[in-house]
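For clarity, chains are labelled A, B, C, D and E in written order, and residue numbers in each chain start from 1.
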Amino acid sequence: MNVLQLVWLVPFFPLVGFLVNGLLRKQLPKSLVSIIGSGMVLASFIVSVLLFSEVKQGNTAVVNLFDFISVDTLKIPFAFQIDQLSSLFLLIITGVGFLIHVYSAAYMHEEREEHFGRYFCYLNLFVFSMLLLVLGANYLIMFIGWEGVGLCSYLLIGYWFKNTEYTNAAKKAFIMNRIGDLGFLIAIFWIIAKLGTVTYTTTDGAGVFDLYEKLTRTDVIGITLLLFVGATGKSAQIPLYTWLPDAMAGPTPVSALIHAATMVTAGIYMIARSNVLYTMAPETQSVVAAIGLATALFAATIAIKQNDIKKVLAYSTVSQLGYMFLGLGVGAYTGAVFHVMTHAFFKALLFLGAGSVIHAMHHEQDIRRMGGLAKKLPITHLTFLIGCIAIAGIPPFSGFFSKDEILAAAYSKDHIYYYLGIAGAMMTAFYMFRLYATTFLGRFRGTEEQKHHLHESPAAMTIPLIVLAILSVAGGFIGVPEVIKPGAHWLEHFLAPVFEPSARIKGEVHHLDHNTEYMLMGLSVGLAVIAILVALFRYSKKPEVHEPAGFGKVLADKWYIDELYGFVIVKPVNWLAKWLNSFFEKKFIDGLVNGVGRLVNYSSRQVRLLQSGFVGNYVLLMVLSMLALFVVTFFIKK
Amino acid sequence: MLIERYIYLAIALFCIGIVGVLARRNAIIIFMCIELMLNAVNLLLVAFSKMHHAAAVAKGSTAGIEGQLFVFFIMVVAAAEVSVGLAIIVMMYRNTHSVDVNFLNRLKH
Amino acid sequence: MNAIVISAVLGVVMMFCGVFTNSKPAVRTVAVIGLLGLIIANVLDMGGYHFFNVNVRGMLAFDVFGLLFNTIAFAATWIYFLLSGRDMERVGVNLAEYFALIFFVLCGIAIVSAFNSLLMLFLGIEIISIPLYILTGSDKRNLKSNEAALKYFLMGSFSTGIMLMGITLLYGVKGSFNMDVIRAGSSTLTPMLAAGLLLLLFAMSFKVSAVPFHFWTPDAYDGSPTVFTSFMATIVKVAGFIAFIRLFEGCFGEMHKQWQLLAAIITAATLFIGNITAVFQQSVKRMLSYSSIAQAGFMLFALVAMNNTAKEGLIFYAAAYSLATIGIFAVLLKMKDYTFEGFNGLAKRQPVLAATNTIFLLSLAGIPATAGFWAKFYMLSAAIDNGNVMWLVIVGVLCAAISVYYYFRVIQAMYFKDGEPQEIETSRSFKGLLIVIAAAVVLLGIFPHWLINQLYSFFYL
Amino acid sequence: MALGSAIMVVISRNPVHSVLWLIITFFAISGHYILMNAQFLGIVNLIVYAGAIMVLFLFVIMLMNLNAETEPQKNKWLKLAGVVAGGCLLLVLVAALKQAEVKGKVAMLETGDIGLIRNLGKALFTDFVVPFEISSILFLSAMVGAVVIGKK
Amino acid sequence: MIPVLLIVIPLVSGLLAFLIKQEKSVKVWSLVTSLITMVVAILGIAVLHKPEYLQTNVAWLPNLNSNFSLTMDGMSKLLCLLTGIAYPGIFIATWNSTYKNPHQFYALMLLMQTGLLGVFVASDALLFYFFWELALIPAYFLCSIWGGERRVAVTFKFFIYTFVGSLLMLIGIIWVYLHTPDHSFAMTSFYKVNLPGNTQGWLFWLFFLAFAIKIPLWPFHTWQPDTYEQSPTAVTMVLSGIMVKMGVFGVLRWLAPVLPVGLWGYGDPAATMCVIGMIYASFVAMQQDDLKRLVAYSSIAHMGLMGLAIFVTSSIGIQGVMIQMFNHGINIIGMWIVVELIERQFGTRKMSELGGLAQKAPGLAIMLVVVALANVALPLTNAFIGEFMMFNGVFSSKASNYHYIFMVVGGISIILSAIYTLNMIQKVFYGNTSSLTANARDIRVNEKFVLAVLLIGIVIMGVYPKPMIEATKHAVDAIYSKMFIKLP
């Protein structure tokens, strides 16, 4: 039996974990819950590794489990596809997922038992959904996972459900995701309407990616744009990004797993998966690139002025996701996926590090009340620093390679993309080190009590940090650019079969010459270093404690986008709902219905007055109506 | 004499009866007006009867005789109605000392 | 002929009963038994056993349609006697005379269901009307009864005049009162014929209380002793319809198209006014009299449609409507308070009465599984079959919906409201009979084919 | 004359006068009957209507001691409406029957003996025997009615 | 055989239940009856599926060519199954509710079941109409006697409203009957009738009104929130879970195949009403504070989608409608059970007065969340399958020129439904406890049992819908093929 047939085991383990933890959460002790929770993900990871090794040898497979929906000509099986792209994502999800599970076991230890169980049950469910999303062999299965991760994100953001603000954030996340989902759904319908299938690719050439030539230009543009709408929702791009910063309401490991490493990259996965379609639609690609770049810059500006440690990281995530979309937009699919991977490492690391800090500070998240933590939390400090360097794009840390690949592709597409992108990279370096400096350098600004209790986190938390730090450092070497060492870009070769059709469509790609490429690298690294130095210089000694003013305030208040949405969308919607409910429904429609009743009543009251009780009147009315009927018969009908 | 004359005459009488019913409030007079209507009908019936008879007289038939017999029956019925009607009016008068049809006006709407 | 003679004789018998005995139960028993005999005689008549062989000389023509109707009318009267006979005692002392008058009315009904000459129609209607004037006014001390009698009488005589004028004009054209003669060759509507037709239409509309000739109805029904209202509003009223449809089918059937619109207008007006006005009534009795106008509107569908379905339906309607209305009146008679409030909480104190009453009301409203549904169903399908008057059908169903409004007000009062306890004395047999009637209504509602089959087998013997 | 006196019936204040006017109307109508050679009906009309019925009316009126003042004035407008409505009806009927199909036929006929009592009687007891018998029921019920209502 | 049993068992048992005065025994009696009915329904579907078991044809009104003919095809089976399952579920879930005059309550409930099952199995137009109305009468009494404060007026409105619709339908039925080739009320004859286009047009509206009021479609829906709000919850469950399906069922069985041309001609305006209704009801639902009203409006939105999928015809859409009829029944009954539990415990349905229940009654919270998620059609719940197929059907339909617009605008309701559903969850279950909910207890065993069964059903049907699709496939094909007959 082919190992690939075992692919169902990958999502199966977390599902078991979900069920066991969910149903028995009151009975099981915390330790067992965490062992089950993490163990199941570990099992998945092991299977994933097995699968990966199989895929590495060039074997791919589509595994049909059962018929899901099968009506008429439309047949949608419940099928998993295991190929280079999905196996790579499997590793990221289960690997990082496992680390975060382990981390969570320590981080969430203060929770009551049933809530602890609930937490792990959600987390397992999330891993399950994410695996479905990645493994699905057709858009519908992907959509199932897509909504599933949305649900888990909702549940986990609102994990502390007593707090209304948190549940509001959860709601917001779910609803914004739903908006994107609608786009995704319509895209699926569009595909079905045109091609009659949603399966990616089949052996007999009847999949979407086999039949793409049947699509007209409008179709392709429409479908890809709608898919992209879905991606903007899930991957927090303009205009649907505002939920992600709010999503930081959830427990920090959740932020690390869902809102940094995995779920938010679903959009990138989807577009990478649909690369054929996108390559066919350069118009959409431009849109994707533009939106990605805009998001990257926009979020970066906001991140500069944030004071909540998790908010900074959240905006940074948004910004990095923007980069990935930029990569997708300029056709650097590999680069985007590469960045997904490295980003998963270092952003998970950063979040977990932040979690460690928060843990140590007793749930204090404001960096203005931190400072000087480097000595107290050495491991956290070190790993966090590694993460910062990685995200800032300093070679040879992983972030450098992936980001550089995207920027290089952007340069070859259009110079302006590159320049803007590099500006964003500069800002990234700046705000990350602002964060680092404010948190870990300088003197401690928290309360005495916090100071008293400051301590390094337990091993369950630091070990994942260390592992992730190692990955952040080394992760980049699977994608060393050709220019440095020819043939070293292992990832590109690995993923080539997936992107092969789009490469075929694109035809010969113009490669940058080596000098230019070195120059670009040098420029970006140089600017990043400058930004880092400025940030360190500025914030390590005297962090900004006062409220920002002027333009800084605009940034700190996130460009007032939330307020704008509130004013432009939420308020009118509420107002409309209110109007419909209180006026249109009650007064108009119901009033109309009741009005008929009232009319009958009223006319009854009037008509009965005819019955005056006077014989004379009766006879008169009779005679008059006789007269009328005579007239009708004799003089009108003729 | 042409039949139209009788038609007009009878209708005129009939309508006078109706006007009487409409215009008066005395129950007895209203009742009398109704009798007037019946008489108008009778007159017309006899006229028609003669008309039909005239049309068929050559054959020596008794055509038209039903008309006159109908008149007879109308008179019979009228007599019966009068007895009942006057009884009702007297009954009312006994209870209310009025023959005004509008006097009793408890049943309405 | 059996029915006419026997009912007349029974009337006389009842008169003498009044002379010879003072025992009320005896009188009642005689009446009930006599009526039973009448029914049997009539049924035998249908079966071909004619007790009296009179040469009617074209004055009467007996057909199954009429005889079947007679049976239904007599049977309904019989039920009415059983249910409400006791309540007649409360009206006045002349119990035997009341029964006699009712028998005379039945005689008139038998005549109008068999007339073949306008003369007989006239006499029949008068025989129905004159006793009714009296019954209306039979509560002599009650001013309402007086008033009702006076109004009914004056307007009734007035309409008699109109009818006579119509008959006369027809006679002027045709030279005969015999319907066979009148029918022959009626293909175009000449002015005098039209005038006669209209006048007859008005007069008959008056008798069946069709709008705008309905004004007497609410007052007369409201004013007369309730026990007689029950009789007038059911049996007499549908008899009027039989006469109506017989007359118009016999005389003007072939020129139906030319007066259909007129009939439809009257029907629509009847439906509208009857239903609308009933909505706002405070007294159940008065509501029922308006409802009888409304139901008349539905029965008028038969006239408008004028086909076989319609005639079958009319018979069915007569049965369904009479049964239900007699039942409701029987309950109403036991109440002291005729307003809707009087019914409040009846379900708690008298569940049987309330339940049966509910079934009757549902039947009147035309809810399936009651006889009333089929009645309406037949009327509607007759009109739809006719095809020319779809607008009337729509008006009809809308009005049917309005009718639900006031019928259900009674149900609401009985079931959903709490009221003052009212002393209602009912005997076991009374309840039993009500249940039987309700069961009959439901059975007819589920298996109408029993009655329909009777109709069919008679129509297509 | 018939018309004139009929109008007088309607407009007389005093019920007694009305009755008298009505009797005159009946006389006029009887005259017409006789003119039309319907002698029997003419006589019966006089006896039954003018004689019996009207006397009954007179008796009742006298019994009640009614006079002009007992009848209160009806609403003027209503009265007017009644007159107008009646007039309109008259107009409409006349207009409608102007085109009557029997136009031009003759009704007055000196000859003919159908109005004689012998012929009428024969017809009454042969062809019209059923209605004749039936009318007895009518009388019976009227009688019962009068008793029921008249009895104290 | 089977369909007759389905009708007779609840009928007889319902009538007998009037005589059982003891509360406990009448409860047991009706539960047992409903269980037997359920078993019979399942038998008919799973075991005795030969046609001779599933058909009955007895002469009823020979003069009218109307027979007491019952047939169970795929669609009937599905809905009979729904009814069969729902009733015991409702009885168990409301076991702890007490009613005055319980024998009348349960008797009427069973009689209503007779009417419902009759509607679903009748294959004679007149019989269908008969049961259609018959289901209404017990509902009227149930709501009016045991309902909330404004019950009498509200139920009255509901009754008259639906009655108007059914009378109009009666006109339509009679008209079609008179134009059938063999003057018969049989369904097969109705399907053979071939009316000219404009006639079908106005007949369409007659039928449509009846069904639209029942479903209910905007703007004929105003009876519904009031009635749901005022009815006792057990009745609301039947009303919303089963009775409104009568409307959809009616469209599929008696409107679409009989008047295909009318439906083609006026599908667009009808579909527009559906779409407006979906959006409109979702908006209004956002403003509701009363749980029952919220669920009622959400139901309007969902039913609107079913209407849309029918009027913008497509095979897959109709398939979706069929599945969704069942699923929606299950889901909304689940919703009502939760609402009922809340109301019984706290005496209020106002969301503003509740809160924090997730702490106190986690079992309840989980149940509600899952049902609510099914309500918003989350994948792997049953509703997703139905909604996916319906939306897909609308999108790919060839019957309408505006199907893209319909789908996209209708799709907005997906977002809106998430908004109001999450709002509800948040207000009721999250946040801090209010004074009312401070001492809340979790759900009882019987309630848990019913809900758990429902949840398992929801998930199974969401993951593996194939059996249900297979079961109804034939019925869908039959309906769909009849919608393409040629104009005369």
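By our rule, contacts are C-beta pairs under 8 Å (C-beta built on N, C-alpha and C of every residue); 3 or more make two chains touch, one makes a residue touch a chain.
Keep in mind the model is a prediction, meaning the values are calculated, not measured.
Enquirer: Chains touching chain A and chain E alike, please list them.
Expert: Correct list: C.
Enquirer: Mind naming the chain pair that shares the most C-beta pairs in contact?
Expert: Pair with the most C-beta pairs in contact: B-D.
Enquirer: Where the centre of all protein Cα atoms falls, which chain's Cα centre is nearest to that point?
Expert: E
Enquirer: Report the inter-chain centroid distance for chain C and chain E in whole angstrom, where each centroid is the mean of the CA atoms.
Expert: 43
Enquirer: Would you mind pulling out the distance in Å between where the CA atoms of chain C average out and where those of chain D do?
Expert: Chain centres of chain C and chain D, defined by C-alpha means, are spaced 31 Å apart.
Enquirer: If you average the Cα atoms of chain A and of chain D to get two centres, how far apart are those centres in Å?
Expert: Their C-alpha centroids are separated by 101 Å.
Enquirer: Using mean CA coordinates as chain centres, what's the gap between chain B and chain C in Å?
Expert: That gives a centre separation of 27 Å.
Enquirer: Could you list the positions in chain D whose residues touch two or more of the other chains?
Expert: 74, 81-82, 85-86, 89, 93, 96-97, 100, 102, 127-128, 131, 135, 138, 141-142, 145, 149
Enquirer: Two or more other chains in contact with one residue: find those residues in chain E.
Expert: As it turns out, chain E has residues touching two or more other chains at 160.
Enquirer: Would you please write down the residue numbers of chain B that are in contact with two or more other chains?
Expert: Answer for chain B, listing residues that touch two or more other chains: 3, 7, 17-18, 21-23, 25, 30-31, 48, 51, 55, 64, 66, 69, 73, 77, 80-81, 84, 88-89, 91, 101-102, 105-108.
Enquirer: What chain pairs are in touch here?
Expert: All chain pairs meeting the touch criterion are A-B, A-C, A-D, A-E, B-C, B-D, C-D, C-E.
Enquirer: So in the complex, which bits of chain E are touching chain A?
Expert: 157, 160-161, 219, 221-223, 280, 283-284, 286-288, 315-316, 319, 356, 358-359, 362, 373, 378-380, 384-385, 388-389, 391-392, 395-396, 407-408, 411-412, 414-415, 418-419, 422-423, 426, 429-432, 463-466, 469, 473
Enquirer: Taking the complex as given, what residues does chain D use to touch chain B?
Expert: Counting only chain D, the residues touching chain B are 2-3, 6-7, 9-10, 15, 18-19, 22, 25-26, 29, 32-33, 36-38, 40-41, 44-45, 48-49, 52-53, 56-57, 60-61, 63-64, 66, 70-72, 74, 79, 81-83, 85-87, 89-90, 93-94, 97, 100, 102-109, 111-112, 114-115, 119-120, 123-124, 127-128, 131, 135, 138-139, 141-143, 145-146, 149-150.
Enquirer: Please give the residue numbers of chain C that touch chain E in the complex, ascending.
Expert: So the residues of chain C touching chain E come out as 362, 367-369, 373, 377, 380-381, 384-385, 393-394, 397-398, 400-401, 404-405, 408, 412, 415-417, 447-449, 452-453, 456.
Enquirer: Going by the contact rule set out above, which residues of chain C touch chain B in the complex?
Expert: For this pair, the touching residues of chain C are 119, 122-123, 126, 130, 133-134, 137, 140-141, 143-144, 146-151, 153-154, 157-158, 160-161, 164-165, 167-169, 171-172, 175-177, 218-219, 222-223.
Enquirer: With touch defined as at the start, can you tell me which chain A residues reach chain B in the complex?
Expert: For this pair, the touching residues of chain A are 608-609, 611-616, 619-620, 623.
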